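Presented below are the structures under discussion, each in the form of structure tokens.
What follows is subunit A paired twice: with subunit B in the first complex and subunit C in the second.
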Partner chain A sequence: MKNFFLKSIALLILLVFSSNLTASEGGGQSNSEEKNVNIGELIGHHTSDSHDYIIEIPFFHYTLHLPVILWTDKGLSVFSSGKFQGDNEGKVVVTDKKGNRFVKIHEVIYYADKVKDTHHPNVFDFDSRPLDFSFTRNALAILFVFILLIVIIHFTRKAYNNPHKLPRGIAGFIEPVILFIRDEIAIPNIGPKKYEKYMPYLLSVFFFILLSNLIGLIPFAPFGHNITGNIMVTFVLALFTFILTTIGGNKHYWKHIFNPPVPYILKPIMVVVEVLGMFIKPFALMVRLFANMFAGHTSLISLVALIFIFGSVLVAPVSGLFYVFISFIKILVVFLQAYIFTILSALFIGLAVEEHEEHEHRTA
Partner chain B sequence: MSLTAPETLVFWMTLFFLIFAFLLTKMGWKPILNAVKEREKSIEQAVLEAEKVREEMAKLKADNEKLLQQAREERENILKEARELKNKILAEAKSEAEKVRNDELAKTRKLIEAEREAVVKDLQNQVAQISLEIAEKVLKNQLADKDKQMDFIKKNLSELKLN
Partner chain C sequence: MAVSLAAVGAGLAVIGAGIGIGKIGGSATEAMARQPEFAGKIQGAMLIAAGMVEGAALLAIIVAILEIFV
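Right after this comes the complex of A and B.
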């Protein structure tokens, strides 16, 4: 019975995802390469950010054109992404009210006159493109996750109106997690004196990563976004940890970096290593979370894409089973990565703010 | 993954994270953490209080036990004293009675002795009287018949012996 249930779920997922693929195929690409699916492009399309939000669930297809917000040489420019008509190869030129002319190539907007190579333009050539602050698909997804989180926490909060009652309902699920973060992550790493100041940050980060990735595992709209599989999101998270570490760093922390307790002859080398370490620590945070989530999404899409590579429906059951299997592993990975990001953040903050005596006591 | 403009998501993520981390802290994390802390504190306090009450109870119980023990000892003492007193009184009474009896006995014996002495004296007096009377009769008889008198004396004397 249980087996049958799992199989039906696998089939459903398969159905949903395959409909996704065919739909995006029919909508975006030209008719000449109908059968020859470019898998790399497909994976890129599903894992990266986009100016359009294509909602594809069975029997329903709708493209939400999100606003494009640009900071150009002539000031702010706002218009709908629908003006590009789904073009991603620099063929449709959009002219705004101020006379700027834009093209969109691989989801990046360039000045139509300044971009040289329309096939592989350089994203970091800031002369050829305006600064892009568009409210993209992933920005929408981030907002969605945060609003969901606010709702969940709001209902959790309600359980504490009577302080002597044990948490019930959703609070019964959230509280152990909060207590776990407090007792197993914050207090052991930051110390019992200063942990309280950092609890809100650690909780926000943990629940954001957990929720965004759990939502990312649901393979249909309005879920299924690859949020922390985008390096810019993990960059921001790691940046906050870096800022908290640097601001909170006490005398001992800076002394350890610029005057490490090593023989004089090693000091110049160690100072360089320690200063690099300041940046490597958050960098590792950023890359670890990004790589895990990006790899997970890529492998899931690749499994579905196998059906199209082989061009046979007989591959579907195998792909589907593997999809479910990898999804279960990803559930584990999601929890693990949220935990790892949080505990490492706490550890780095702890190293910076912890009292020296405490530190010695702990290691002793 | 094709890299999109990096500033887009950096901007939105920073903005949303700051706003929502603030909101979550204000309406979520802080109240929840405070409530949990409060609850833990009250539980700790309750446990401590229970411990204290238990200790007090134990102390009270020990006190009661002690009091009871004391009472028991007191009772024992009182009983013992009472027993001793009883024995003493009994012994005293006995000795008193003995003494009284002895006294009485001594008195009686003395009385009897005195009585007897009086009787003996009386008897002596009577014997002397009788002797005198006999002597008088003998003397009278002697005067009549010497033999007869002799017999008479003998006869009287034998009578006397019988007496």
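Right after this comes the complex of A and C.
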């Protein structure tokens, strides 16, 4: 019985990962007017954020146009992204009620009058862009992760309703994870007296990163969104850790940063290093998670794009096998990155809040 | 022969990652061979250290990708 269960799980994972080869065929066919498929554009299209929510399973194609919410000089401007009519090259100009004119180039919205070069626009030229608060595809995907988490936690909670029965169901998967986070991550790093205040944050971060990464692995809709591969998402997560360490830091923490216990000659250098370290540690958290997830998605898409580069159908089985193999490695990377983010956050928080009772400063 | 410095830089970064993770794996298996009862903890520490080294190498990959686009 157990053998059959394990085999069916393995077959399910194999089918799920191979289904990406059919899902991206649609993207390839839309480019096949030009003989050269632009790989950079394909990768960019599949990994970056977009204003439309495209559902593309075999025999079913639907595009949901998400609202575009912009803050311009003349005030708030809200319209559906369908007005751009699927244009990504800056040719369709949308005029809203207040008279602003917008174009969309590579999924970024600019003022039509101020964009200088419609083929290579400068994303960092902030005068030519309104403030973009749109509800994009990544926002919808994060909402989906949120709903998924609520469902999982609801069923976990229900398993403990009856105190005389053992918990059944999904609680069997979730409870060991929560205990692992409490016993191996929170208590050793933050200490047995203060860890309870930070457990909600650590649990939320771990499950959010884990679910977002896992959703990026499954190719078909409503999964398959690249959430943590977006540097703004990981920036916000690292910002939360930074805020927690800064607010929770007690006197010893600040004393060590601004008055480190070193000989006087080294003090100026060490203060600079410590202050820089205060910012670089969350920055490293952000880049580590972003780079791992983005590199994983890019390598998977490049494997499928190999079929289009070679233009021969014989590459397909090789490419498909590599795809499944690398997907298995990515499962390991996904769990590892969620675990590393959580344990490093716990470590930084623990460094900030720990008390030094018997601490000896070495003198010279 | 068109040499793209971004690709050369990315390749050098992966050399660093390969050496680092190889050393971690080597000392981890040696430690596990000496004391088999701690194999679980050593494996955990090995995975964490490998994740750190990969993070550092991927920082360099990100710089290489930035060079293409900016």
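Assume the second predicted complex is superposed on the first by the 320 of 364 C-alpha atoms of A that agree within 3 Å, B and C clash if a C-alpha of one lies under 4 Å from a C-alpha of the other, contacts with A are read in each partner's own complex, and residues count from 1 in each chain.
In this section, a residue touches a chain if its C-beta (ideal position, glycine included) is under 8 Å from a C-beta of that chain, and two chains touch if they have at least 3 such contacts.
None of the values given here were measured: they were computed from a predicted structure.
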{"item": "Partner with the higher number of touched subunit A residues, subunit C or subunit B", "value": "B"}
{"item": "Contacts of A:179 with subunit B and subunit C, given as first, second, both or neither", "value": "first"}
{"item": "Subunit B versus subunit C as contact partner of A:235, first or second or both or neither", "value": "first"}
{"item": "Partner chain in contact with A:256 - subunit B first, subunit C second, else both or neither", "value": "neither"}
{"item": "Touching partner for A:287 - first (subunit B), second (subunit C), both, neither", "value": "second"}
{"item": "First, second, both or neither for A:49, with subunit B first and subunit C second", "value": "first"}
{"item": "Subunit A positions touched by subunit B in one structure and by subunit C in the second", "value": "294"}
{"item": "Touching residues (chain side subunit C, partner subunit A) in the complex", "value": "47-48, 50-52, 54-55, 58-59, 61-62"}
{"item": "Residues on subunit A engaged by subunit C in the complex (per definition of touch)", "value": "284, 287-288, 290-292, 294-295, 336-337, 339-340, 343"}
{"item": "Residues on subunit A engaged by subunit B in the complex (per definition of touch)", "value": "43-44, 47-50, 106-109, 123, 129, 131-136, 138-139, 142-143, 146, 149-150, 153-154, 156-157, 160, 163-164, 171, 174-175, 178-179, 182, 196, 199-201, 203-204, 207-208, 230, 232-233, 235-237, 239-240, 294"}
{"item": "Residues of subunit B touching subunit A in the complex", "value": "1-14, 16-17, 19-21, 23-25, 27-33, 35-36, 38-39, 42"}
